[in-house]
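The letters A, B, C, D and E name the chains in turn, as written, and every chain counts its residues from 1.
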């Protein structure tokens, strides 16, 4: 039998004005298990807490009910107070007689009656409460970063700087991501490669960082502090320990028709290639789909050329299993496919390009060596039209409903750079809104207009059609209320960005959620923006939502701090209100496993002693470190084997009984 | 509810379109093949209906200038369906029965040689019912 | 039917002698035509009491929970509808498939003794089945009825003659496999007014003597300990001292087997008071198929049952409360 | 011997029910069970076996025993025992009637079950001969004559009449109150009745279980039977439900359970079944963990333990309900026969 | 009946998930939004914690209405809990209706932490509907209603 103390808070007049607290205190003494009751002006105050602590000690209370404000407000306060004097914190329950009673009722009698019932329900529950102890589990002091773009690199560097090991898994042959493809960055116009490549080198050189390039995460199991990931290291057909990255093989390779991914397919590369000059790791890789040796068994020029004897046609994919304490998802983005936007004629006309393609056309390391030449006839374009919001902010099936966030700024950047380098070029920008919320962003955009004379037209383009070697652009100028027609040489589309297609697969693998646009969902949009809902999984960069570089880097560092905070602990304390399966009742039917959103339930064959009968049964096992305590499994379980600590079937039924009595 | 408001509600109902969804990009007008013939352009139809300035549209013959080619509907990224709204304005005018609308037999004289075939065909379809 | 039984018996003996199986689960002859008992036969000699005819109604699947965990392999004869139960048990990891050799056995429909007796066969001592008609021999003379009219409820609502899982089949007379309409009874109740529905169920459920036959025969009710037997569950009870308990027991039982019930009809068959329990389970089956897409428990051994699955655009519960009509 | 025309039976029921509660087999929702007679009741005396036996009028499935109420720190206790009022149970077959003797030996011996006792004292039993015995009947194996049932009043159908023969003080008292309705039987009636009774006895001889022989059963050979290998095979198919026990007229086990009302407890007793896993569950678990043991308990009790405590009287009356109702058709007859309980002719 | 209804104060059990609906109820309180005192809230971690047994239990013990509140579908703190709730409760409610129990006695509502006003209006509406239905007689345990038992 419990010895329960009931404390009724006046909350000044917040409660006491509407609820007769004395009456509630009297009624409490009539409840089973209650040995003490008192009312007090402010239970949450220092002296109120002292009253509670003293009574626990004096009366040897085994349970406490505080009738006060919402448990969301002060449950933690009172539990901490109880713990400080030796009572298990989970023996404290709150009856919410403020938000759910005194504040919503006017009639004192009615409110008092309800307060008594709420108190009674809490007492009924405490009568069945059991001391709960939070489980502990060890933390593996290593982090996994999925994705080696600027987000992944920054997160990894920050974690490594804090002294923890970190692995980067990048599916492409080099890290660097989208930022490596960019020419200049807004709003400072500094060279993208100049700020990114040193970071790539830092990451590669860091003793705590291991880079698995050309690799993918295949499987993840485990839970916060103790994940196990299987990494598939794809065959490069080049021994990475021997390859020096000299590039001789790439020059000799006779197969040169594969589209160059790094240049957005604007030119071609050899079958054995190094993605770009500053690639990290700087190693050659053979594309078996383009390689003559793989197609016909002949050739073998690269093997002959390589002095380091690094070519290995027989290399196989390698599976590596590593344990991690935390995982950061930094899978980044892609530009959407524009095949369904036939009004812009992207697929039909080589001179209609995306902004990312323009980046390559303007980059000194790009296909044109940095001279802006239009793809069709390699001439200088004299009239360029930029179209904003292509595929963003729309509601057609091909559109994305969100704003891609970065387009306004990079278009300002592009138009500015073009006007500076080629002052004889006319630049038009069709915009719906120009969005420049960021430090120095508006100033940057105004410079494009005021200093560089870029023509911003408020309106959208309805059609782009080829017309005598030019691109006839039909747009509207809403301010003039006119339709405008421009014969342009080059049309640049600010295509929407979307999460990389791997995000969905990885979210499933990590049992974390994605939204309708396949962006990973943060645990809380305001308060926990870099954590996923699954403990130990963190989000970095555009996989969580559109971001520019400074934001991405900021979030990457924030995620790193969260990871470091986790790895700094030797052990983590789990939520004690978790599900538990009664071995003797479990049928092993897997219903609970199927509804668990966290994959916290697994099955094992175990010998049980059922009243003297020993047999091996298939039993559900709840991993307390992973379980978040939602209780979905408890209802799915037909035998009632699965119960939720802190909210047991019997406790809830006791509350029901007390309310209906 | 005033008469005008009722009419606007009716237009929304007939068209099944929601002008509030418009984000004012002007793509409808940019895509309009009969732009030069219209006093008010597709985006203005949307804007005026949303803004309660329906009377301006009712006084204009722009609704009859629309060839119902649906380029605007096709292009609209927000699924506002300007042509449907124009169609509803037209119906509102027709239902007034005060004969201030364009008669079908007037259309041939007004047809421009440069008009897209699609627009002519759909206009023809519209007025030969 | 006679022929099917002979083939089955012969095949069982053969498999036993070959050592392919160690035991045979089938039906054993009784005193009357109708009192056949499920039995495990270990030898050819024991198999002489094997019987299979239109009274072999017990569904043997549930016995396989125990039998498949024993050493050696067991041969089980399963009728088409019994195979659904077996599949469902596989899905729930309750049986060890490797230890079971399933012979899917032809079924021409099973006879309901209660109906047969109600049709005049009081004092039933024997019966002949020619496929079309049943001639019942009784203490007070012979009674001839059309077989169709005295079939068990579960056979009148036959799911089809297809075995969904088996290692081999014994089918002498292939029959048309079209499933019959199962939901007419449910629809009839749905068409009643709420008060009529309440009165109907009140009358039916108050007959319940809480013998647990429905639960214990049910292949879906395979819990090691039922919540109604578990003193720790807070709802345990052995009888129905109040009308509420009758409702509670049958609601919770139907809910627990919802999505898992293969509609094998055993509950209605064994109820000593002939409560149409299948109408409870079929309501869930019908609703689930209507709301969440066609689903037949036990049709395969992988698909998630609807209640441990979801879709983001599922119907809202308010479609029930907003159904309109009489509250 | 008295008689009443079949067509006047409703008047008879009404006359009885005017003074006392009358329990009689009625068809309710498609099944025949004992029910309180009221105007318009669908009385069914032609169905031989009610689903539940007649024992329920003396020993109901659920019965409140005592209640506890908690107020503040006090607990008050209230007995729910009530003196029964007079009642009549009509249409009890010979087998069911014998079952009362078997229950009496349990409930009326020391310590006396006062709940049962008061009902026995106030209940008048009107039995009914079985004109058409069925294939599952084997009351004759226990020396019961279904043509000449016991009871306070025995009744018989023959021709157009129900014959009425009071046998005890209680029976006579009830008969007195019904004098206006009952006619005196003539010799011709007696002949007709005798003929009907002979018919019944002849039918018995044609019954499948007529050869049942219980001489191998009884108090002797307890251990030998207990340890027999046969139980395993017999119990193999048992699903452990309580159908047999709950339709059985002689099963008398009950469980005492508490219904928690939140601020008090209603203690009640309800039928229990030895076939249930939690039968006689104790703190350490159950003494009969396997279904074989529970199955054996039921039949050993009926055929061995009870007779050894009760001068060789079996705790089975051969009503055959379990034969018909067992979901898997295992039953006491099969058990009896398995141990050689059949006359070889 | 009408006289009874005027004085009839139903017992209503509201199960609220900790993260959305309970917070919504708190917000209703902070906003001093009135709803009848007949509603008593039980806090559960997630609406998917609510076993149909609890709902029946409430009716057994004399509740006249049971309402279950959770996060809006898609917003579940545990990401998928309320999707299961939605299926389970749709099934249960239709089944109760099938048994002839008044459908107005059960309800599921999605109330977010920001919808204090909605919480209050949902409760007002539900209480009104239950009051119109009158006391629960069809699915209750007479043992828990001693007064009525003696009265009958």
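Throughout what follows, a residue touches a chain if its C-beta (ideal position, glycine included) is under 8 Å from a C-beta of that chain, and two chains touch if they have at least 3 such contacts.
Just so we're clear, the structure is a prediction, and the values are computed from it rather than from any experiment.
Novice: Please check whether dropping subunit A from consideration leaves the other chains as one piece, and if not, give the groups.
Specialist: B | C, D, E
Novice: What's the minimum number of touch steps needed to get from subunit C to subunit E?
Specialist: 1
Novice: Tell me, please, which chain's centre (mean of its C-alpha atoms) is farthest from the centre of subunit B?
Specialist: D
Novice: Using CA atoms only, can you tell me which chain is the most central one in this structure?
Specialist: Looking at where each chain's C-alpha mean falls, the closest to the middle is E.
Novice: Please state whether A-B or A-E has more C-beta contact pairs across its interface.
Specialist: A-E
Novice: How many angstrom lie between the centres of subunit A and subunit D, each centre taken as the mean Cα position?
Specialist: Once rounded, the distance between the two centres reads 71 Å.
Novice: Can you work out the whole-Å distance between the CA centroids of subunit B and subunit C?
Specialist: Computed from C-alpha means, the inter-chain centre distance equals 65 Å.
Novice: Could you tell me the distance, in whole angstrom, between the mean C-alpha positions of subunit D and subunit E?
Specialist: About 46 Å, centre to centre.
Novice: Return the distance between the CA-based centres of subunit B and subunit E, expressed in whole Å.
Specialist: So the centre of subunit B lies 50 Å away from the centre of subunit E.
Novice: Where does subunit D touch two or more other chains at once, residue-wise?
Specialist: 259, 261-262 - these are the residues of subunit D that touch more than one other chain.
Novice: If you look at subunit A, which of its residues touch at least two other chains?
Specialist: Residues 595, 636, 649, 653, 657, 660-661 of subunit A each touch two or more of the other chains.
Novice: Indicate the residues of subunit E shared as contacts by at least two other chains.
Specialist: Within subunit E, the residues that touch at least two other chains are 52-53, 57, 61, 80, 84, 88, 143-144.
Novice: Every pair of chains that touch: which are they?
Specialist: Touch list across chains, by label: A-B, A-C, A-D, A-E, C-D, C-E, D-E.
Novice: Give every residue of subunit C touching subunit E within the complex, in rising order.
Specialist: 186, 189-190, 194-202, 227, 235, 241-245, 247-248, 251-252, 254-255, 258, 280, 283-284, 287-288, 291-292, 306-312, 314-321, 323, 327
Novice: In their shared complex, at which residues does subunit E touch subunit D?
Specialist: Residue positions touching the partner: 61, 143-144.
Novice: Given the complex with subunit A, which residues does subunit C contribute to the contact?
Specialist: 92-94, 222-227, 230, 232-235, 256-257, 304-305, 307-309
Novice: Going by the contact rule set out above, which residues of subunit A touch subunit B in the complex?
Specialist: 343, 389, 393-396, 399, 432, 458-463, 474-478, 481, 483
Novice: So in the complex, which bits of subunit D are touching subunit A?
Specialist: 70-72, 260-263, 284-286, 289
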